[in-house]
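For reference, chains read A, B, C and D in written order, and residue numbers begin at 1 within each chain.
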Amino acid sequence: MEVLESGQGELIQPFDLDEFREWNRTRKTRKLVEKVMTEQEAIAQFVQDGCYIGTELYGTVRCPMSLAREVVRQGRKNLRVCGQGVLELDLWLAAGLVKKLDITYIGLEVYGTSSCLRRAVESGQVETCVEWSNAAISWRMKAAAMGVPFLPTRSMLGTDLLKYSAAKVVQDPFTGLKVALLPALILDVALIHVHRADKFGNCQIDGISGFALEMARASKRLIVSTEQIIPTEEIRRAPDRTAIPYYLVDAVVHAPFGSHPGEMAYLYSRDEPAIKEWVETSKTADGAQDYLQTWVYGLPTHAVYLERVGQERLAQCVARRERRQA
Amino acid sequence: MEVLESGQGELIQPFDLDEFREWNRTRKTRKLVEKVMTEQEAIAQFVQDGCYIGTELYGTVRCPMSLAREVVRQGRKNLRVCGQGVLELDLWLAAGLVKKLDITYIGLEVYGTSSCLRRAVESGQVETCVEWSNAAISWRMKAAAMGVPFLPTRSMLGTDLLKYSAAKVVQDPFTGLKVALLPALILDVALIHVHRADKFGNCQIDGISGFALEMARASKRLIVSTEQIIPTEEIRRAPDRTAIPYYLVDAVVHAPFGSHPGEMAYLYSRDEPAIKEWVETSKTADGAQDYLQTWVYGLPTHAVYLERVGQERLAQCVARRERRQA
Amino acid sequence: MSAPNYSKTELMICVAARLFEDGATCFIGTGIPMLAAMLASKTTAPNLVPVFEFGGTGAILEELPRAVGEARTFHKGLSALGICDTMESAQRGFVDYGFLGGAQIDPYGNLNTVVIGSHDQPRARLPGSGGGNDVGSLCWRTIAIVQHDLRRFVPKVDFVTTPGYLTGPGAREAAGLPRGSGPMAVVSTLALMDYDPHTCRMRLKALHPGVTVEEVQANTGFDLLLAEQIGVNAPPSAEELRLLRQEIDPERLYI
Amino acid sequence: MSAPNYSKTELMICVAARLFEDGATCFIGTGIPMLAAMLASKTTAPNLVPVFEFGGTGAILEELPRAVGEARTFHKGLSALGICDTMESAQRGFVDYGFLGGAQIDPYGNLNTVVIGSHDQPRARLPGSGGGNDVGSLCWRTIAIVQHDLRRFVPKVDFVTTPGYLTGPGAREAAGLPRGSGPMAVVSTLALMDYDPHTCRMRLKALHPGVTVEEVQANTGFDLLLAEQIGVNAPPSAEELRLLRQEIDPERLYI
């Protein structure tokens, strides 16, 4: 296949589809096995130093924040990360856990750029940034989810983004069109937060699915945190609602308010003061460390975290939630 | 892009992605416009002689049979068809409407091979059969749905199926793996039957989605038939249930029991005697013509068709339907 | 207690059912594979996970599906998505077994379901690949179910629809097919066959009761290798027959 | 009645809102585009179809979304799928407009949101493309919203994150980007710009009230073409301001 142009970025997670097939054959049981465990157990068992890891959706929206904080607590190092991230990746950058990035966007949305990203990249602490667009990183996971080595796209062409990515430009042999080929992205481990799951890992998501379906299918290890654990009968009542089937899942963590301070559609709204606290404190390195001390290292579990947030604020988030059309 | 092997089959529906984009820009309104019409109106308006057409899912399962019969009634000729089909494509073959096939499977499932297919192909009435697998034809639609010229697969390789397809084999530039590239399939018109739709064409499907999502997004014209027309408020109550959004849809046809004699998950079971009648009569060319006369040409509308089937048999189909887990 | 009477079809279903590994995922096609899967899930493979190509995974098979897309294929199921999802799961290595049929099979397990004669002027046009090629390409192991006669067991199929071992050792990998995948067994009306690991050629493994090696060879259009030990397949047990006749196919659609 | 007081941000929102075509689909990003979209849907574009990149289409914007994935982006929406669905819809040509921002913009409308300085040793690391490159690549027309000063309007961006017209006429198509797509306008704190159809270079189209051509040029790091007729953008009307202040952003998050 003649390559017209190659991005000079590093493929920071090389992949082998046959090895992924073998993994999926031998390391992922098809039996209905109970997988419920705590954040501590799940991160200890499945997240290793140096692994390639991703989170879904992002910091303020249906994000596995209780898992993200536990990664910080356990101090996993030299992580290679894809993102697309807001608070969750900021915490990891602030804690110095990240070595390489397949970066699409790390920022604070409404509140502007991420000081943690600036410090981590400009100081060289993050060694490598390989550039992608949001769609491109999702399509890379979709390629892995489909079990194919690449997907073509008409995005990214003609730009420095392509030049600093690891994509390749080829000519479509059917129509002669130039397209960018995006290499499959197989993650070592993914963290996804959902509305409901049974103890085996069958998951339901309400509202938009972001890139959960793609990431779940593109990962060797998948830790799911869930607002609620439901009986399998509920899954079997509506199999057309299963976004992530159990056989993809390695751990099910019961984490009510697991996306706090982000929102969870139809369940609770974002906690604006809590988000602003990070926005303000993270402007300086010291401030970010203080925040980590107060809100992460200093609180051993998600339950203790929620206690510190307090029932009143959580109740306000619930009261302000978006509701379905009556 | 160096091609290692090219299927010698004809690309019977050549495609141009920029032209498809232009079509989607100028011929598909984004406004909420009422699209409810009859089978007669929809087929008359959107199905032309010689067009490339497809149906979803297939003959005995959630199939737009009332639309398929109307195509026969209106005698559209020289159709180019992709399938994957059971009763619906059999009717078209028996009626002599089909000129070229992107064929994956045409048969009678439990009841064996299709005599109509044999007669049509062996006599040369169907001029061209280009071979694909079921997954391949779905992925071809998925390519069009994604707006890309091809999707790679590890299926079809090394076989005569590939040789008599229009796929091409290339080497993946990332890992060196050989993959087959499946060209995008953009249909002129697609027929899909759903459980519920609003008058604008927002559709919900219960149970498996087959290849409805891909086909809907891969077609220039989309005629949806639906068991039930619901208020748009119901769509807005559960946007996460919309399988096909309105802007893809050109016509909404209200067709209760529209999949008869096939089934509709959770609503009615298949009508086994009616299916067997086709299996038996279609064994001879004359028998098939008699059936067409009795059940298609002789009945001007779907309502009259249902009358002839009779309330009793329809009630039995409802009684025997599959039910959700209690 | 004397051995119960049974039909050839019942025996094939039982022999196929016993091949299911418990706790495995399996693509189930229309017909005998559905009966075999149901029988297996009620006997030796209670944790079998049925996968139906148009989207159903993990259904509880209480009533026999008559089609690969009908509601029974996701009855009380664990997920109900579409064909792309199931086929991509197979492409990722998540589907362990698949069942296949065909009008012709050759010594390497290649199957033909497209044409008898030439493609462009066929003597007989067959249904086409359906999901067959995908199952044979993407699942880890496949099991073919074929009536045993000289028209079906041929030295060379008229059309390779579904890849077996293609032309022999290494041919699948050279073509780009997934590493380590390929045919595992053939259940016929006369015997059970597997494949010689060195030559990838079909090998007689166990005879159906009352069938001789000579009879199998006389009905096979190529030299069948012989396993070192050729066994005999146990006839259907009374319990297998009861399940088949009373629970699985009480309407006798297939048996 | 005297003209009401308004801020520069309010004016930019109004000028941007007036660019919306009624009945069009539009990718809406965080910030000013969300306010402009809400304002447009309450004034000149009641049939605007908002598309949010993480999956929401056709929402009714009753409350201002603060993030492109939050529940307000599919509030009473017509569909709620994922990012692949919305981006693939755009790739198929279904998204008419997109809004973009950036730290730098050049005469061809190329935008930079990745780095100031060199990529590998940046003076400032910016957030990255996000969906920006996809919007600029796949939507039919894009509108950039940029603060007008010499640091931002530069002859050459440090990093082309999001394609404008790249190096000029024909460059997008030569790169493989969809035919007929490209930047349409820039709304800045000083003026409204469009692009000369022959050279694809940015062109001053209409000044904000009280701003001169010289002032715009003095704050632009390259030669801005001048439209034959340079208009003046109408200030926010009383009704526009009422909607913005009372209905759209009553908490004054942005204005």
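We adopt the following convention: a residue touches a chain if its C-beta (ideal position, glycine included) is under 8 Å from a C-beta of that chain, and two chains touch if they have at least 3 such contacts.
In this text the structure is predicted, and so the values were computed from the model without any measurement.
Novice: Please give the intersection of the contact partners of chain B with those of chain D.
Specialist: Correct list: A.
Novice: Mind listing the chains that sit against chain B and also against chain C?
Specialist: A
Novice: Counting C-beta pairs in contact, which comes out ahead: A-C or A-D?
Specialist: Between the chain pairs A-D and A-C, A-D carries more contacts.
Novice: Report the chain whose mean Cα position is at the greatest distance from that of chain A.
Specialist: C
Novice: Return the distance between the CA-based centres of chain A and chain D, expressed in whole Å.
Specialist: From the centre of chain A to the centre of chain D is 28 Å.
Novice: Report the inter-chain centroid distance for chain C and chain D in whole angstrom, where each centroid is the mean of the CA atoms.
Specialist: One centre to the other, that is 58 Å.
Novice: Using mean CA coordinates as chain centres, what's the chain A-chain C distance in Å?
Specialist: 40
Novice: What's the distance between the Cα centroids of chain A and chain B, rounded to whole Å?
Specialist: 37
Novice: I need the residues of chain B touching at least two other chains; which ones are they?
Specialist: 17, 146-148, 153-154, 177, 179, 207-209, 236-237, 239-240, 325
Novice: Of all the residues in chain D, which ones touch at least 2 other chains?
Specialist: Where chain D meets two or more other chains at a single residue, that happens at 56, 74, 76, 80-81, 84, 91, 138, 178.
Novice: Answer with line, ring, star, complete or other to describe the graph linking chains that touch.
Specialist: The chain contacts form none of line, ring, star or complete graph.
Novice: Show me, using the given definition of touch, all chain pairs that touch one another.
Specialist: So, checking each combination of chains, I get A-B, A-C, A-D, B-C, B-D as the touching pairs.
Novice: Enumerate the contact residues on chain A facing chain B in the complex.
Specialist: 1-3, 11, 15-17, 146-154, 168, 170-175, 177, 179, 181, 183-184, 205-209, 233, 236-240, 324-326
Novice: Considering the complex alone, what residue numbers of chain C touch chain A?
Specialist: 23-25, 47, 49, 56-60, 74, 76-81, 84, 88-94, 96, 138, 140, 178-180
Novice: Considering only the defined contacts, which chain D positions touch chain A in the complex?
Specialist: My answer: residues 30-31, 52-56, 66-76, 80-84, 87, 91, 110, 114, 119, 122-134, 137-138, 159-163, 166, 171-172, 174-178, 253-254.
Novice: Considering the complex alone, what residue numbers of chain A touch chain D?
Specialist: Checking each residue of chain A against chain D gives 57-58, 60-62, 84, 86, 103-107, 109-110, 113-114, 117-118, 121-122, 129, 131-136, 138-139, 142, 153-161, 164, 169, 177-180, 207-214, 263, 265-266, 269-270, 321-322, 325.
Novice: Over in the complex, which chain A residues touch chain C? Could you list them?
Specialist: Residues 17-18, 20-25, 28-32, 144-148, 202, 217, 235-237, 239-240, 242, 245-247.
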